[in-house]
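The next part holds the structures, each set out as structure tokens.
Look at the two complexes coming up: subunit A is in both, with subunit B in one and subunit C in the other.
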Partner chain A sequence: MEQRLRHEAKALLEQGKVDWIIGFEPGSLKFTTTPLITNDKNDADRLVINPFIVNNLANFLTEVKGRVGIVAKGCDSRSIVSLIQDNKVLRESVVILGVPCLGIIDLSKIERLVTKDRNELDDIIREGDKVVIRVDGEKKEFPTTQALFDNCLACEFPTPQEYDILLGEPKPAAPNLAQSRENIEKLEGMSPGERWDFWKNELNRCIRCYACRNVCPACFCQRCFVEETEPQWVLPVPRWQDNLIFQIVRNIHVAGRCTDCGECQRVCPVNIPLRSLAREMYDLVDELFHFKAGMDKDARSLMTHYEEKEAEEFFR
Partner chain B sequence: MASKKIDKKDIAKLLSLWSQQFAVFTPSQASGVATMAKWDGKDASFLDWYRNTVIPPKANFLPAMEEMFGFQKDREGYHIELLPSNERKQLIFGVRPCDAKALAILDMTFKEAYEDPYYLPKRSSAVLVGLGCTNPYDSCFCTSLGISPAQSTDVDLMLTDIGDEFLIEEVTDKGKELIAKATEVKKASKEEEAKAKEVKEAARQKVTRKIDTEGIGDRLLACFDDEDYWEKIAAKCISCGICTLLCPTCYCFDINDELVRQQGARFRSWDSCAFPLYTKMPMENPRLEKWRRVRQKVCHKFKFYPMNFGVIACTGCGRCIRLCPVNWDITQTLESVPVKV
Partner chain C sequence: MKQESEWEPKLVGFLCKWCSYAGADLAGTSRRKYPANIRIIKVPCSGRIEPLFLLKALRLGFDGVLVSGCHPGECHYQTGNYRARRRIAITKKFLEWVGIEPQRIQASWVSASEGGKFVDIVTEVTTGLKIVGPNQLFSQERDGDGTEATARG
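Up next, the complex of A and B:
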């Protein structure tokens, strides 16, 4: 898959079909990759596909000018489609290099499994439905259900929904919704008071780095409401109350656009379980509107679309 | 000066003793993220997991947010209500040499450039107990900034892990006083001192990530106007605030007032040059483009701060690399700076 990607990416640049390639190259730390954004065909040889390609590269599409060849996993492809629905990206300006995805390895889970930091591990290898970790000369095996990101466990569409070039055989979906919703079920089991205290406690440590927002392809506002001063909806001061408003409004804003790519939670430096909010909203959107984000580029964007036969009386 | 030592099992007793006089802070994950938090009064089990905190100890002196004063509004105008300052003196246990050095660097801004009335009282009354790093991360590069991971500077007391015990160096008089009455503290032997020296050297060897700081300021200045270079460097940055807010030497803050009915308060909170709004002015924004902001961050640390204070504002703690959502790596950037001067 990797060789094919390098070949295709190089050809796209050489033939002038794209101006830029957005993909992954090896990162500077163990078990990491990093976005590669290049217009140089010689860089194509650095492109990689492995179980550590965490980033949702669709995030860069609204920023990079010109025609773009972009590497996309299943969830990323849906983010791209969602951007097309919102007229943020033109379908004809992107060449989607689709990666049928087996799920991405969650290094935080690995660290908890072996009680070691990531840089103390010798190797992490994906072998079928197992993840093999080599550490201190020992080999430890875990089922992928313990090692992949929660959102990957829930994945219904591992193969890109929209692509120009599919880099491998389509992968069958095997969503394990129960396991991926474990943390959410815990929250749902709480009384409203307990849940309030839970989020108060979690959001109390937010430092307002805005990584959750900036890493999110669905958060494409030119100016975010948290930065408005007239009126000032929330203070930029990281008080839990303001942090809570920030997250609630952010989740409402990305409803119908969020593909549960899990990036908001992964990047949070203070470990706030943001996917619990995002996934809950994702499921609510599905339940209320029978809508899953980014499935059909010709469908209209859910929240900006109005029809005369709209169900709600107050809309008419 | 002869060194002292303490059994690791007795650390909790020492912390208890210090608690009588200080608000004792230790590495803690109780809040959900590793930070220097109020000691739980129980044990020293944090030693089992502690490598470094995610939130740097600067937060103990320059908190992520802080109420500066309250105010009341009436027909005559605003009346300021100063907050009572009854904070206890802080003792921070387990500060790593990179973070201790970072505090010394912050002092230059908050003490020398001007006297900050919020930072300084906390800082000058505080006591730092350092703990040498024996297991640095692969993102650490302190040795390139002239820091050794177990060096005994910028702290009052320095501990080095020599097995079942910590070797203790009394770095300042304040530090000496700390253990003067501690019965658990014993005199260390020559062999134990030698062992500590070995441990320190071994730790230094473990830091393999390097940067070349030789003439870095001039090299940065030479490519300052190279827009293509900076655009390439900045391409994958997502303009979040992680690398700056969690940098132990970054000190930028924002000030906001809140007025609800007649009662108000002024807050200051961490701010970041990575945010486009950081430089927003009524007519224009000199750093609207991302590459200008990335350039500012790099140049501030490696050119402007040295110009102002004679020291690079980076201690190689590696947080910005470890925590970056896109693995933007300052050491790679510095390595790629064109060599022409």
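Up next, the complex of A and C:
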């Protein structure tokens, strides 16, 4: 798969079909990858595909000018389609190099499983539905359900929805909703007051670094409401009240565009379970309007169309 | 803070200029009485109402928010209220999930001729808010007196 990607990427650049390639290259730390954005065909040999390609590269699409070849996992391809629906990206100007995805390994879960720092591990290999970790000359095996990101466990569409070149065989979906919704179900069992206290407590840690917003491909406003000063909707200092309003409104704004790629939670430096908010919104949109983000490039985005009769139960 | 018996809920209403605001006007000119708990903000269309407005109102210490626009199919701008409907539906459900009492976010359709309906809705919503109690969502301590939340805009 990796060889084919390098070959295709090189060919695309050589033939002038794209100006840029956005993909992954090995990161500076063990078991990490970092986005590679290049217009040099010799860089194509640095491209990698492995179980650590976490980033949702669709985020860079709105910033790179020209025609772009982009490596996309299932969820990333939906983010791209969502951008196409919103006219942020032209379908003709992207070449999607689809990666049928087996799920991405969550290093913090691995660290918790073996109670060792990632630097002390020799190797992490994926074998079928097992993840094999080699550490201190020992081999430890864990089921993938314990090692993948929560959103990967719930993945309904591991194969890209939209692609020009598919690098590998399509992979059937096997969503494990129960496990990925563990935290959400815990919250559902609470009273509204308890849930509010939960979020108040979590958002108390927020330092308002806006990593969740900046990493989100659906958050593409030129000017975010949190930075407006006239009127000043929320104070720029981290106080839980304003932090919570920021998160609530951010999630409402990306409703119908969020593909549950889980990036917001992954990048959070203070480990706020942001995916529980995002996933709830994702399910809500599906329940109310039978809409899933980024499925069909010709469909209209959620907030720009309507049905004659819907959602009347919310109005007196 | 006032004694519980004296406490009156404060409600902010975002009313569309073409229907609901005119409906409220009609209630007034017909000398119908409705609770003075509502503070009305006129908006050009229910489609203008941003979920952020509702959150901001609650943040400022209002006990509830009422959103009102033209009946579906009767929007002055053809589709504004249809768009509002999706947005408000999602907002209501989501806020409920985050932990805001559903009674605090209310929505209705009131046409320019429905002064009576407007009176009924404001009365019902106010009564509902009296049962839910004061908004202490954003106060420093949930059972505190709520002064912090209203300190600054």
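Here is the rule we go by: the second predicted complex is superposed on the first by the 305 of 316 C-alpha atoms of A that agree within 3 Å, B and C clash if a C-alpha of one lies under 4 Å from a C-alpha of the other, contacts with A are read in each partner's own complex, and residues count from 1 in each chain.
Note that contacts are C-beta pairs under 8 Å (C-beta built on N, C-alpha and C of every residue); 3 or more make two chains touch, one makes a residue touch a chain.
Since the structure is predicted, the reported quantities are computational estimates derived from the model, not experimental observations.
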Partner chain(s) touched by A:S108 [first = subunit B, second = subunit C, both, neither]: neither
Touched partner set for A:Q179, first subunit B, second subunit C, both or neither: neither
Which of subunit B and subunit C A:V270 touches, first, second, both or neither: first
Touching partner for A:I207 - first (subunit B), second (subunit C), both, neither: first
Subunit B versus subunit C as contact partner of A:T62, first or second or both or neither: neither
Subunit B versus subunit C as contact partner of A:S28, first or second or both or neither: first
Partner chain in contact with A:E308 - subunit B first, subunit C second, else both or neither: second
Footprint overlap on subunit A, where subunit B in one structure and subunit C in the other make contact: 235
Residue ranges of subunit C touching subunit A (in the complex, touch as defined): 51-52, 55-56, 59, 72-73, 79, 82-83, 85-101, 106-109, 121, 124, 137-138, 142, 149, 152-153
List of subunit B residues in touch with subunit A within their complex: 31-33, 51, 54-55, 64-65, 137-139, 235-236, 238-242, 245-246, 254, 256, 258, 267, 269-272, 275, 277, 321-323, 325-329, 331-332
Contact footprint of subunit C on subunit A as seen in their complex: 187, 192-199, 225, 231-233, 235, 241-242, 244-245, 248-249, 251-253, 255, 277, 280-281, 284-285, 288-289, 302-304, 306, 308-312, 314-316
Complex interface listing, subunit A residues touching subunit B: 27-30, 32-37, 55, 59-60, 117, 119, 201-202, 204-205, 207-211, 213-215, 227, 235-239, 263, 266-267, 269-272
